[in-house]
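For reference, the structure I am asking about is given below.
Letters are used for the chains, namely A, B, C, D, E, F, G and H, taken in the order the chains are written, and counting of residues starts over at 1 for each.
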Amino acid sequence: MKLTVYLAGEIHSNWREELKEKAQQRDLSLQFVGPQTVHALSDDIGEKILGKQPNKLYKDDAASDINNFRTQILLEKSDVVIAIFGEEYRQWNTAMDASTALSLNKPTIIIRPESLIHPLKELTNKANVTVETIDQALEILQYVYA
Amino acid sequence: MKLTVYLAGEIHSNWREELKEKAQQRDLSLQFVGPQTVHALSDDIGEKILGKQPNKLYKDDAASDINNFRTQILLEKSDVVIAIFGEEYRQWNTAMDASTALSLNKPTIIIRPESLIHPLKELTNKANVTVETIDQALEILQYVYA
Amino acid sequence: MKLTVYLAGEIHSNWREELKEKAQQRDLSLQFVGPQTVHALSDDIGEKILGKQPNKLYKDDAASDINNFRTQILLEKSDVVIAIFGEEYRQWNTAMDASTALSLNKPTIIIRPESLIHPLKELTNKANVTVETIDQALEILQYVYA
Amino acid sequence: MKLTVYLAGEIHSNWREELKEKAQQRDLSLQFVGPQTVHALSDDIGEKILGKQPNKLYKDDAASDINNFRTQILLEKSDVVIAIFGEEYRQWNTAMDASTALSLNKPTIIIRPESLIHPLKELTNKANVTVETIDQALEILQYVYA
Amino acid sequence: MKLTVYLAGEIHSNWREELKEKAQQRDLSLQFVGPQTVHALSDDIGEKILGKQPNKLYKDDAASDINNFRTQILLEKSDVVIAIFGEEYRQWNTAMDASTALSLNKPTIIIRPESLIHPLKELTNKANVTVETIDQALEILQYVYA
Amino acid sequence: MKLTVYLAGEIHSNWREELKEKAQQRDLSLQFVGPQTVHALSDDIGEKILGKQPNKLYKDDAASDINNFRTQILLEKSDVVIAIFGEEYRQWNTAMDASTALSLNKPTIIIRPESLIHPLKELTNKANVTVETIDQALEILQYVYA
Amino acid sequence: MKLTVYLAGEIHSNWREELKEKAQQRDLSLQFVGPQTVHALSDDIGEKILGKQPNKLYKDDAASDINNFRTQILLEKSDVVIAIFGEEYRQWNTAMDASTALSLNKPTIIIRPESLIHPLKELTNKANVTVETIDQALEILQYVYA
Amino acid sequence: MKLTVYLAGEIHSNWREELKEKAQQRDLSLQFVGPQTVHALSDDIGEKILGKQPNKLYKDDAASDINNFRTQILLEKSDVVIAIFGEEYRQWNTAMDASTALSLNKPTIIIRPESLIHPLKELTNKANVTVETIDQALEILQYVYA
């Protein structure tokens, strides 16, 4: 049984590559999808396709049209969602993806550092499981096959 | 036609009172619901009802059990959601409430300052309308009755 | 049993007033809702609330944000939808409202002149009943109470 | 990951062939479905299968029974919908297909010329992305795989 | 707590009046809805509103458009469905109403004589309860309030 | 694109074999499922698995438990439903299967002789298409691939 | 805002009366519904309405037909479910009611003694909140209004 | 047609192995999934992944987070659920899995000894079929292919 996992979260660090590599080491039958991880492309995709926009607001909105289009397709195809939160970014789209996944009844794991316990308490309470490391998230996926 | 409006967002300032007062001045047939706004009570409600918890994590999780229980009932009763974002807090539960409302097909207005255009772009793109002030949100509700 | 009826269709003629008056003459227990019928207001509502937009596209999009917000609330509250099509306008939002209503399992009546049989054939085929006059639509509603 | 794309819109020009060819040039893993594109067949299929109908109304209704049956199957199988609007036709079934797709939570791209901004404003506002050319629609699909 | 009960079944005998009277004797807080019970009106309503149809098939189809419109509204408003089957008629629309109610998760009681056990076995198996008399159906409704 | 077709209807004649053979001649990519067609087995399966039942009612109910279990699995797997009605049997389970399919949004074709126009008018009105012969039903399926 | 609360759980002790009295003391705007609490009536209702059954299995099944009919209506009308578990009974229908409520997205509180932590761990994990006393459950409901 | 079957129930005896072996002997095209059957692992998985918990309650809750995550994925993938109940355990999670499956419209078979007829009467009444032995459950699955 192959599972498709949507990896929600920031696109500034290479946590997805680390997770995919570690998943391969564990030999798990997983397929990974997620948002556009080239940051500049993710920000510019609206103007790149729809042309120059009048200002920053419309540039961002045009990019979001296309990023949300992408996420909607890939989230729908997923069996499981892993959402990561870190100290540095506000990551409201990560919270949005996790909530959407939970509303769609997709089993969801949240990874967050101990320092974020308080601000994330309502969201982690709704998620299936909350962990602190990528390894823990993978151990949970491995347990599905155990 | 009376509409019930869920007011999602931070509970540190008195924006809800301002909004309710202004709604009354406009003589709109609205009923407002929302999260617990006494901050200390919202944080302590878990231990208050379930007793002393082993540590901060469990204290927060117990409070969230009860806060999420409350939100689920009131959101379900709502016709419309207004979610406010400001500079100061991370407000991931606001993002969670707005996303849940959108997944439940509840018409949703987001209020956010210009400075938050970029970090909120995916969420505002999904919402029905995004404005910058409480007055604009009320003008939209007034338009429903116009 | 009181029914709420959404009146979808063009806002250039006074067909809604005619329909409401005739409903009153038949003494039917109906409440009517529908789109903003002051045409200029419907077109300008985006700029009126959100401020001057960069161009025609954004002006229209801002207005639609708010018009769609309004329709979503009122359609959700409705038990029945009546959608009218005439010769003069393209009325794609009427087609959109009727299709959305049918997808939401709302019983839907379409009123259209004989001349539009061919271009509307797929939509009228999906609707519950298609008639040619306002009186026929009201006779159907009267039959629900008969 | 292979995606199935429903191509909604008029059947008088060969835009589907152009789109399919261009998709092939981009080497995208897409499967295309859509309405019957042989216009005469689409209009006559009712009488062809169900026999001579009493008049034009019934001929059209019989054809729509079968065209809607076809569309319902293929739309349900699709991951994405592209709907095209042009100057020449009223294309109410295109508006119907796009609205149905959006109600079914299918990510939807609308292609329309600048001249149709105003009459399509409510529908394009509801769609995920609106563009002006086939190439832009394909760039968006390519971005899903990027 | 007032319950709305849809009474599905044939319209040739006065079983609905008997049931309503007996419900009143039991002083149950019930509101009853159901199909058009004036048989001629039910058969002729299509031509009455839409005008003379080309033949029997279209006359029946026009009537069904309007009868199904009516049933869809009233079934949606109901909390409970009672469907009666007797020896004399084929009553496929009764089977349709009962199945639709069960698919919509409406609690459903079937009343049928012992002689129909075999031909109705799959449908009665899906229904909540199957009884043989109107009195038994009312005893069940009374038990909801007991 | 392979479609799975549920063949609802009586199990006394060999119409399913005829339909499958004709489908093969047309070289359609269809997979067929349906109810148990060995009549005695269908009637006796309850007692065969669950043991001797107290009387006819319980024998029939035990068989229906298992027949409905089977139908629920296979209907859920189907893309399309074809339901046939003839003069001879009451076929309430055929009406139940067709209604359930329509409630589940499965495209549905009804085959019935001209003599049954009147008693089936509400159900055929709800179905996608109604035809008189197996060949017509197959022509419609062929049109999906045309 | 009045809430309807379904009280799931055993019917051998008078915990519902205690809970209702305490709710009244807190002056909460609640309406309570629940299963038949006269134990003998709950067990005998099948034979009472449907007549003598062949054996214990059929007596129980007939009673359950009617008890499940009752529960389905009342659970559907409820905004909140409270489910109580105690040491003495197996209470599988309590587990069934709580799970059904959770699947229907009804906010659910479980009351259970400390001794049942282990056997109820999967169910309490799925519920919104788990407490040990009736007073705690009422404090949570009071918090919704606070 | 391959079916995926979720095997809900206690993990103290080897009934799943017996069932799988017997399924193989019958040469049925079935794939089996189910809960973690290594009892110690199922109880300890929370602490194993999330670390030492403050007490028994939190240890159990942490394990349930992960066991429920697993069950949600596998239940969603299943076409059919078989749930077994025996004399010895309280098995409230079995009741929970069966109820969840029924709410998700998954066809469900319950296996229980005669001695449990009374306490399981409401749940078995809701299930599709209830039997007493593994062989009977497999005969039903075999009948789906017959």
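Definition applied: contacts are C-beta pairs under 8 Å (C-beta built on N, C-alpha and C of every residue); 3 or more make two chains touch, one makes a residue touch a chain.
None of the values given here were measured: they were computed from a predicted structure.
K.L.:
Look at all chain centres (mean of CA atoms) and spot the one farthest from the centre of chain G.
P.N.:
Farthest by centroid: D.
K.L.:
Does D-E or E-G have more contacting C-beta pairs?
P.N.:
More contacting C-beta pairs are found at E-G.
K.L.:
So which of D-F, F-H or G-H is the twin of A-B, meaning more than half of its contact pairs are the same residue numbers?
P.N.:
G-H
K.L.:
Can you check whether chain B and chain C touch via the same residue numbers (shared by over half) or via different ones?
P.N.:
Because under half of the interface numbers appear in both copies, chain C and chain B meet with different residues.
K.L.:
With chain centres taken as the means of their Cα atoms, state the distance from chain E to chain F in Å.
P.N.:
Taking the mean C-alpha position of each chain, the two centres sit 23 Å apart.
K.L.:
Quick one: chain B and chain E, Cα centre-to-centre, how many Å?
P.N.:
Measuring from centre to centre gives 44 Å for this pair.
K.L.:
Let me have the rounded angstrom distance from the C-alpha centre of chain C over to the C-alpha centre of chain F, please.
P.N.:
The separation of the two C-alpha centroids amounts to 38 Å.
K.L.:
How many angstrom lie between the centres of chain B and chain F, each centre taken as the mean Cα position?
P.N.:
50
K.L.:
By residue number and range, which residues of chain A touch two or more other chains?
P.N.:
If we look for residues of chain A contacting two or more partner chains, we find 65, 68.
K.L.:
According to the definition already given, which pairs of chains are in contact?
P.N.:
Pairs of chains that touch one another: A-B, A-C, A-D, A-H, B-C, B-G, B-H, C-D, C-E, D-E, D-F, E-F, E-G, F-G, F-H, G-H.
K.L.:
Show me the residue ranges of chain F that touch chain E in the complex, using the header's touch definition.
P.N.:
56-57, 60-61, 63-65, 67-68, 71, 85, 89-93, 95-96, 98-100, 102-104, 114, 117-126
K.L.:
Which residues of chain A touch chain H once you look at their complex with the stated criterion?
P.N.:
1, 3, 79-80, 105, 107, 109, 128-129, 131, 136, 139-140, 143-144, 146
K.L.:
If you look only at chain F, which of its residues touch chain G in the complex?
P.N.:
That would be residues 54-55, 58 of chain F.
K.L.:
Which chain D residues qualify as touching chain F in the complex?
P.N.:
Checking each residue of chain D against chain F gives 31, 33, 36, 38, 41, 45, 48-50, 65-66, 68-70, 72-74, 76-77.
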